[in-house]
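Below, chain A partners chain B and then partners chain C, in two separate complexes.
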Partner chain A sequence: MKTKPRDKALMTLLGWGVAFIVFFPVLWMALASVKTELDAVATPPKILFRPTLENYAEINQRADYLKFFTNSIVESVGATLVCLLLAAPAAYAMAFFPTRKTKDILMWMLSTKMMPAVGVLVPIYILAIQTHLLDTWAGMIIVYTLMNLPIVVWMLYSFFREVPKEILEAARMDGATPRQQLLELLLPLSLPGIMSTALLSIIICWNEAFWSINLTASKAAPLTAFIASFSSPEGLFWAKLSAASLLAIAPILVFGWLTQKQLVRGLTFGAVK
Partner chain B sequence: MRFARFCGMTALGLIAGTLAAQAETKLTIATVNNGDMIIMQKLSSAFEKANPDIKLDWVVLEENVLRQRVTTDIATKGGSFDVMTIGAYEAPIWGKQGWLVPLDDFGADYDYADLVPQVKDGLSVGGKMYAAPFYAESSLTFYRKDLFEKAGIKMAEKPTYAQIAEYANKLSDKKDGIYGICLRGKPGWGENMAWLGTAAVAFGGSWFDEQWKPQFTTEPWKETIKWYLDVMKKDGPPGAAANGYNENRALFATGKCGMWIDATVTAGYLYNPKESQVADKVAFAPAPITDANPKASGWFWSWALGVPASSKNAEAAKKFVQWATSKDYVKLVGESEGWIAAPPGTRMSTYSNPEYKKVAPFADFVLNAIETTNPAKPTVKPVPYTGVQFAAIPEFQGIGTTAGQDVAAALAGSSTGDQALAKAQASAERTMKQAGYPK
Partner chain C sequence: MATVSLSNVQKHYGDVHVIQGVDLAIKDREFVVFVGPSGCGKSTLLRMIAGLEEITGGELKIDGSVANDVPPDQRGLAMVFQSYALYPHMTVANNMAFALKLAGVPKTERDAKVAEAARILQLEKLLDRRPGQLSGGQRQRVAIGRAIVRQPKVFLFDEPLSNLDASLRVQMRIEIARLHNELDATMIYVTHDQIEAMTMADRIVVLRAGKIEQVGTPLELYHYPANTFVAGFIGSPKMNLTPVTVKGADATGVAVTLPGGGTVSVPVEAARATPGSSATLGVRPENFVVAESGPMGGKVAVVEQLGGETLVYVDVGDGTLVTVKGGGGLNVPVGTNVRLAVSTSESNLFDKDGLAMTPKVKHDYSATKVH
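Then we have the complex of A and B:
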């Protein structure tokens, strides 16, 4: 059945409309970042204004962006790598050698995501103190790994299940060990899925604010802590906060843009299938 | 030979570098993102220059996030911070717990006698000061003199709540987007309840009686809430239940409010044309009173710097606190940032400085407001706690925030004032019983 041109135009318009609504907060944030503080809080909102870069200059003067940026990169990429190392064998075992309890284990793993993080703040904080991992890269990588592990296992499990069992059986017939099957067959076959899982994990780590603010101070604080430092209980801060937020999301926005094909494929063929 | 020399030099360099790093003390300072603290961060290079063996690392956070962060750290003896920015609420509670290092050995140069006594007392337990005051504030009534003139009214020298309601009614011009009065509505013990708690004191009320029984359902609280809801619904801005200090400050600074009763520290911003569109139209009067408590004079708050007992660099941290709260620091701010930016409310010498008085027409007024507030005896009837807009007990945060949510719901129209107070009372009684009061 062919789509009528009018319907097609309507769908296009709807698509653009929804895209604009989704994009609007980012656009508004970008606009606020080049306003003065008074223009940023003006009611009714100012559409026409004289743009200024003074917020960026002040942010640059007050905080070391590069330090926060480096911490964000190391922690999100580090946690994603450790997560994949742990999750791949687990998902492999569950996808190809399931037992009666496999589904229960998967559900239990997912259920840990439902617990509010603040409920375990004090025990984790004390553990971090005693293991000297407070405000360190290693501490944050461990916490992010634990935080993302359920999602990563679930996603990899779904991708692995897409691989026909017969291929692995054929490899077994040819004498391949489980390790060889995983490393030489399964991983290359599900590489697109693994990549999209990794991308999603990096994005989740990058945006995580609760643990990063609570478990870091000056050494390992990532960009979420950088944003938080520009919010204030006293005084006008919207313009500076917008500028800081834009600086914080810019790298991940570009990263997401460049990898959107893989991301979309991962999300549509993966765990949310 | 050349290679051996190179290796030797490298090794020497590494050893020297390690020794230098060991000799250097790193202080991690947790602070809020308020204007005065940003200036402190900016000027701290002067401290580092004078103390080359001490390096400062800053952790700047929003007030509520900071409070949660430093509370977790100090209660678990985490030792993440060497200096913490805390308020008049935390200092006595944490001091009593032994979580803070006493700060009463700064020496004669520090001039303890120059500290405003009420501020110092508010940060002390058993005569020992546990946090050094950085700036302090009370509350004032800010108003627009041009709008008052236009309405043909004059602000009373010491306004009453009844008069404020009258003025608000006359100033309102909702068609032109002018609201007679703007007050805090956002729920939170430090937001709407700080304002309402102070008003309740002026109406003759208190948080607790001498037996630690919560007082939300007493007559003064009922009158307070009735006044607040009436005036806000009639002459307040729309969506007031979402307006905290910052939102009201933006509304007043952009010319939307006829009056605003809030922190004295705001005066410096409202008189600054860079921050306020109404800089030449602002005037101020004391916080309102009622016949039930004609001596009431607004709230009392101070931001202070404390050194946690878990700090591994307590001596260096004390050195920094001493520098940042000294008379010399006030002078440094005055000379480099302009005297209007000098941290207010902590040192008597600031208020006798002619240069400060010249640029801050509100100076005496603010000092008077702070001096006439007595957090140790805040209410008409005797009470077992200290604090005006808060009661300095650990249970208060929860009680205040829950009550704040009930009152905000009433302001948004989903319950009545009496229902909100009854709910707050029941919840507060439950909390106090669980905590084992009366103790």
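Then we have the complex of A and C:
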């Protein structure tokens, strides 16, 4: 299909427009983070102002950013690894040895995502206390793993389904055990899919706020809790809150930007053969 | 080296019987072809022999010992898949060596075996490539190479040539036949293409709806099909199957009335020919001759001149076309009325149930090709 130059220009304009709208809140937050508290709440908003780093300095004094950052990394990467380890065999079995109930099981797993998290907050909170997992890495990794497991199983399942069945049958004839089939064939063949599943899982964990705010206090608190700690009872300090938020999302923004190719490829994998 | 025997082998999924009691004995070093229309169960049967499908009834013996529950890799078989099923992330050499590697064969021995297979299949220059960089024919050769290196007792081929274009298919057909002679191995080959079956097989097994219709050498099946299904399936162009009525029988054979009113006498045993009952006359296209006079007649509808031979399609009334095969010099204009003579000694007669009546004189076509 040929596109007219005018249409192409319009599409480009539209693309930039949508991108700008999506990006605008982040931009506004970045601008607010280098304003003084007074400039940040000024109406009409100040476009011209003298930038300052005082918010960042103050945040650094009030909280240990690195500790929250480390917690975020450990919890999101840890949960993702555990998730993959549990999901890969499950997805393998469901993709290559389906039974009549496989579709139902997949649907059931997904349905657990439809329940509002707050509905199970109290039992999980009590469980966390009694197992001494409140405000620990292990506790958060368990919660995040359970939270992401359905999505990760679903994604791996669909990536595994893309691998021709005959390849595994040939491997069975060649004498490969299920473990060897998984490790020597399935994993290398669906590596792009596994990578994008892992990336998505890390991003979901990183951005998760409900459980982290409720189940952590100080020791295992990730960056979402770090942001929350700046909405103080004395009132909202927009500039400082913006600075804290930017610090919290910066790593994942950079990460997402570096891996965007992989992410897009993973999410559209199988759409076009 | 290896025999394969099936006795009353069955496969059912719940109430659906895909394979309904197959009995078959495959001899050592025999090239057996399973042929039949799609959905007849030929691939399922092969996969059951391979161990990729569970056998739900009956007994499979490989080299005399029961193999029903032996895992696929321990049956001493190698399989070539229709889709090649190569490992896309491995080089040609590693594809071929994978089974040996899993079996713990030392690297030097592995390399020697891969080199030998590569020599047989002329793949030496491609050993470092990946499957994605190969043509269809080359991929198929790698798939065969992967089977060869394991030195299996039995080779299984599941429609290996269906994904290739016509000329390559002919070439690979010859290569596989040559390979069979060279390797001296038992081979079981599945195809829906009766020409592949005719050209390659020592014995053909014709399957329909999960049952064996007939087993025999290509020429046995060609000359003495057991029923109308085999008669119509084997041979190209197809055998002409004409509905006839039994007129009577005597010592020389059974006389039948043709649609146009003419009669012919076919030299078959009269045991199952009741006068007045319906039957089917089977005549190969080469056994019809365009002649001055003959029991059948009609108008020439289509003429196909192939150079070496000519196919004439004669409309014998109510739109039924009869195929006649003549020499390249045969020249009958479209639209002319012709008479057809029948070589009755070469014709087949089937009773009202479609089963062949026994010929009075039967040539022995049971000899297989020389190894």
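In this section, the second predicted complex is superposed on the first by the 266 of 273 C-alpha atoms of A that agree within 3 Å, B and C clash if a C-alpha of one lies under 4 Å from a C-alpha of the other, contacts with A are read in each partner's own complex, and residues count from 1 in each chain.
Basically, a contact is a pair of C-beta atoms (placed from the backbone, for glycine too) under 8 Å apart; a residue touches a chain by one contact, two chains touch by 3 or more.
Here the structure is a predicted model, which means the values were calculated and not measured.
Once chain A of one complex is fitted onto chain A of the other, the partner contacts of A:175 are limited to chain C, with no touch recorded for chain B. In the superposition on chain A, A:134 makes contact with chain B only, while chain C stays out of contact range. Counting the residues of chain A touched by each of chain B and chain C gives the higher count for B. By the touch criterion stated above, A:74 is placed in contact with neither chain B nor chain C. Of the two partner chains, chain C is the only one that A:164 touches; chain B does not reach it.
In the superposition on chain A, contact of A:195 is made with neither chain B nor chain C.
In the superposed pair of complexes, A:30 makes contact with neither chain B nor chain C.
Once the two complexes are overlaid on the shared chain, A:185 sits against chain C while remaining clear of chain B.
Looking at the shared chain after the overlay, A:228 reaches chain B, while chain C stays out of its contact range.
When both complexes are overlaid on chain A, the residue A:121 reaches chain B alone and has no touch with chain C.
Those residues of chain A that touch chain B in the complex are listed here as 37-38, 41-43, 62-63, 121-122, 125-126, 129, 134-135, 213-214, 217-219, 221, 225, 228-237. Touching chain A in their complex are the following residues of chain B: 28, 30, 32-35, 38, 41-42, 57-65, 68-69, 72-73, 75-81, 177, 190, 244-246, 249-251, 253-254, 256, 263, 265-266, 269, 275, 277. Those residues of chain A that touch chain C in the shared complex are 164, 166-167, 169-176, 180, 184-185, 188-189.
Looking at the complex, you find that chain C touches chain A at residues 50-52, 71-74, 77-79, 81-83, 85-89, 98-99, 102-103, 146, 150.
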